[in-house]
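One chain, chain A, links the two complexes that follow: it is found with chain B in the first and with chain C in the second.
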Partner chain A sequence: MRRYAYAIPYWLWIGLFVVAPIILIIYYSFFDIEGHFSLVNYETFFTPVYLRMTVNSFWYAFLITACSLLIAYPTAYLLTKTKHKQLWLLLIILPTWVNLLLKAYAFLGLFGTYGAVNALFEAIGIGTKQLLFTDFSFVFVSVYIFIPFMILPIFNALEKLNPSLIDAARDLGASEWTTFRRVIFPLTLDGVKAGCQAVFIPSLSLFMLTRLIAGNRVITLGTAVEQHFLVTQNWGMGATIAVFLMIAMASIMALTGNKKWGVRQ
Partner chain B sequence: MKKISSLFLLVWLIAFSLLYVTKTIESSKGYGGANTLTIYNWGDYIDPALIKKFEKETGLKVIYQTFDSNEAMMTKISQGGTTFDVAVPSEYAISKMKEEGLLLPINHSKIPNLRYIDERFLDLSFDPGNEYSIPYFWGTVGIVYNRALLGGKEITSWNDLWDPAFKNQILLIDGAREIMGMALNSLHYSLNDTNKTHLLQAKQKLDQLTPNVKAIVGDEIKMLLANEEAAIGIVWSGDAAEIMWENERLDYVIPKEGTNLWFDNMVIPKTAKNIEGAHQFINFMLDPKNAAQNAEYVGYSTPNKKALEYLPKEIVEDERFYPSEQLADKLEVYENLGKSMLAYYNELFLQFKMHRK
Partner chain C sequence: MKFSRLYLTFIFFVLYMPIFYLIYYSFNSGGTMHHFESFTLDWYKEVFADTRLLIIVLHTMIIALLSSSLATIIGVFGAITIYYAKHRWKQTLLTLNNVLIVSPDVIIGASFLILFTIAGIQLGFTSVLLSHIAFSIPIVVLMVLPKLQEMSPTLIDAARDLGANEWNILTKVILPYITPGIFAGFFMALTYSLDDFAVTFFVTGNGFSTLSVEIYSRARQGISLSVNALSTLLFLFTLVLVVVYYVITQRASAKGGQK
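Right, the complex of A and B next:
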């Protein structure tokens, strides 16, 4: 009996803050802007405008995840080899303590026509380039913001890796590349998956950066949700997009989730 | 288990002592209780010296809070968690708030200074008879441009913006009404047009502007233009005054095809507790000397006729901010087009944003 009593706060929390909002979102998605029950929002979602927006969002989220992984894996690997692991790790986590808005504003200054980066380009003879409001800067800043969430799970996976397995591989004559490909990478795959989830899912619904860094030249589903709720006050359409975002996220979780139920452990 | 309980206790203790400290600080400053007045206004939209003066004259304590969009302000007021005594929404927001019953009527007998307001700004369509609102500032939407960066080229109309020479030089404010209105005006339609063919035409015209548009941004536009990130910006006149203050190479123009005329107005939301104080404050702000001081500080145009006498000549005679009657005839106030029309405007604006170079 007591055990159930301890679980009450947990169930209350899940019910109030997870289940109820999801039901509310689904409920709202069936109402048009005048408040009548209809499926018009779902029809609108399947028009070229929103389908293109969906493809765009997935494309940028994919780019951001791929770039993060490309940088994060070697970084995490090197981290496990360094002397002061905890200190380096702390330095990587530190930027996540800074407010996102502040970081975005900092990049506005850095990437501006007369900003520090362009001053450097000018000095080394490349010349001033337009950095702000481009696809490049959008992906760059997003990667910068999300990369700690990719490094951490990979780092943990690498730390847990038993070094004697690597020694064994080397003893049996595997080259460095083969050891990595056949031993290290498969054994850290769970960390990679966790990292990809932690980056892909939030970047799918990214919104503020699309205005600040990309100057609304990149429009994602997140931008549309924000606009429908705050400006148009078309809650139904905003909720409908949110429903599709939830479906997308759930399927990504299912695809990359651990399929090792009962197999190992 | 014992450790957890003591940790819990500690957290609660800290929380309560922090609460106690904020309460004591507030009450030592005189906040809390019936002698406060909470004002909810746009950021940097009043001369702080006037608040001090008002506190001295009335003995009331002013709590000044700010918002950055009409929508955010309306949401907060309709939730009713905070008691705001005076708020300063724009005209289209007022008709919406009126419909939703978020406003209290204003007692004109308690606001004798209302007589100083220019008649042009009274009894407008969004609030007939000024039953719920009193004008605070007014202005236009127009073009800020950097003469030096454009090599001395002049801009006088909306249609000038489509010049291929301005490739990648324009910053737009992120507002569907403003930008759709600009396109409609450039086609010589009304910016309250609800004819869908006209609106589609306007959207197509905007698509043609895409090569010239560098970005569509929010409040950052002021900083970006002052830093010469781009040479041209579509902004509200008050923002223009602020940017020009920071960078003297910039100039503002009201396009000759006509543009939007907007008002910010003082209202008493239904959350008000100190209704007497709210009336006092509104009357105080309408005092010609105070209105002039405020207009000089904020940079927007004052609707107070008498206040113009106290303002420096170069401000009052500046046609960019106090346009001539001839140009004023071409200015239009936004009408509340209804939810679904507004949604259509936003939909077209979203499609324009997605249009690629």
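Right, the complex of A and C next:
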């Protein structure tokens, strides 16, 4: 019996901070701004304004994930070929320990009208461009922030790959591209999935970047939730958007399969 | 081969460029992030003279240390609970455990805001501390659980045969075995807490602020080089933390190797 006593705080945590918040969010989504029970929030959500916002969020999240994957896969692959790979990997992870806000803040300087990037553009003859407060800068900074989370699982998957399989493919006459397409990539798919999860879900709900970098030009679902909870105080609407975010999250988890959760991570 | 080296160099350059850009301009007397006038330490002086900022740093540290310690204690017992759970329950518990890890920060923040408002907890130190403990627990569990799973169950049986009671088994067998996992969990919780912005932003009241929230509100007002100076100091602090973590884990694994 005494074995269960020490589990009490953990059970309390599950009840209070895992289950209760989900129920509360769903509960609040059925109340309008005056506190009356209604489905008005759901009606509002299915108006073009919010539907466009949803499509937009998904589009940006998809762009961010795709760009991260395209850059991260070769990086992870090349990292496994380096000599001191653990050290290099540590150096990839290190920037994630620098506060997110500071990295976003750095880009305010880098992308500014007189910033380093524009100075470079000026020098090579492209001329000064408006970089800050555009969707390009939003996607770029997001990819910058998320890329280590994509590299890490892919790197781990590549490390687990049995190298004799690659040799075997080569011996059987497969070209380098065929080996990659038919052997390496399918066997590291779990890492790719884990990486996509780690990037896609948070990028659906970014809000400080949309404010700092995109200057409110990009409104994602996350921005809308923050807006409703902290600015307009319309908790019901915010909760409704949160419900849809949770549904999206659950479907992504189901889609990419989370069998490996808990074992590695 | 040449191309691959070029590619990696480019990636590392892009990864570190913003950080060093911040650090470089923290020594600029010009007051902007684009034209370096002359070397100065004024911004650092400004940081150290800013009592409000120093109190915020102190708050952030207290929150981080307290929340990660408490989360580690609860998380370790949570991992043991999951370890002992029957197979069917194990999967459910793990799923519940991972909810907060995969949830977007905005949702965690918003739902905790509702929770604290309903529970009548005033927004401020308590609410921030409770939220940080809450989102750190699953991370600790995930760091500790693999250690428990790789521990041979015969160890516990042997201890029991030799007359150890539950308490002895816990303190003499299980805890020593999973110590590296506990340290890893603690440090992960610490970095999550130090790094968190979104959740804190939701549950912090008017009078209380952590560094992330403070940096956000300063960055929204535009560029101020004292933020750069602050980020340099934070970066150095992070480096120290990484080295400490590295040394601890190396020592732990070296010890494990000897046994």
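Everything that follows uses one rule, which is that the second predicted complex is superposed on the first by the 247 of 265 C-alpha atoms of A that agree within 3 Å, B and C clash if a C-alpha of one lies under 4 Å from a C-alpha of the other, contacts with A are read in each partner's own complex, and residues count from 1 in each chain.
Going forward, a contact is a pair of C-beta atoms (placed from the backbone, for glycine too) under 8 Å apart; a residue touches a chain by one contact, two chains touch by 3 or more.
Nothing here was measured: the structure is a model prediction, and the numbers come from that model.
Once both complexes are superposed on chain A, the partners chain B and chain C clash. Look at A:R52: by the touch rule set out above, it reaches chain B but stays clear of chain C.
Contacts of A:T232 after superposition: chain B is touched, whereas chain C is not reached. When the two complexes are overlaid on their common chain A, residue A:V19 makes contact with chain C while staying clear of chain B. Comparing chain B with chain C, the partner in contact with more residues of chain A is C.
When the two structures are aligned on the shared chain, A:E34 is found in touch with chain B, with no touch to chain C. In the superposition on chain A, A:R211 contacts both chain B and chain C. Of the two partner chains, neither chain B nor chain C is touched by A:F136. Using the contact criterion defined above for the overlaid structures, shared-chain residue A:G112 touches chain B and also reaches chain C. Among the candidate segments 20-28, 92-100, 146-154 or 218-226, the part of chain C whose C-alpha atoms clash with chain B in the superposed model is 218-226.
Across the two superposed structures, the residue set of chain A contacted by chain B and also by chain C is 108, 112, 114, 211-212, 230. On chain A, the positions that touch chain C within their shared complex are 2-3, 6-7, 9-11, 13-14, 16-22, 24-25, 28, 71, 74-75, 78-79, 81-82, 88, 90-92, 94-95, 97-110, 112, 114-116, 119, 144, 147-148, 197, 201-202, 204-205, 207-208, 211-212, 222, 225-226, 229-230, 235, 238-239, 242, 245-246, 249, 253, 258, 261-265. Across the complex, chain A is touched by residues 69, 71-72, 168, 171, 174, 176, 214-218, 220, 223-224, 227-229, 339-340, 342-343, 346-347, 350-351, 353-354 of chain B. In the complex of the two chains, the chain A residues touching chain B come out as 33-34, 49, 52-53, 56, 108, 112-114, 130, 132-133, 211-212, 214-217, 219, 224, 227, 230-234, 237. Residues 4, 7-8, 11-12, 14-19, 21-22, 25, 32-35, 73-75, 77-78, 80-81, 84, 93-115, 118, 134, 137, 142, 145-146, 149, 166-167, 170, 191, 194-195, 197-198, 201-202, 211-212, 215-216, 219-220, 222-223, 227, 231, 234-235, 238-239, 241-242, 246 of chain C are the ones that touch chain A when the two sit in their complex.
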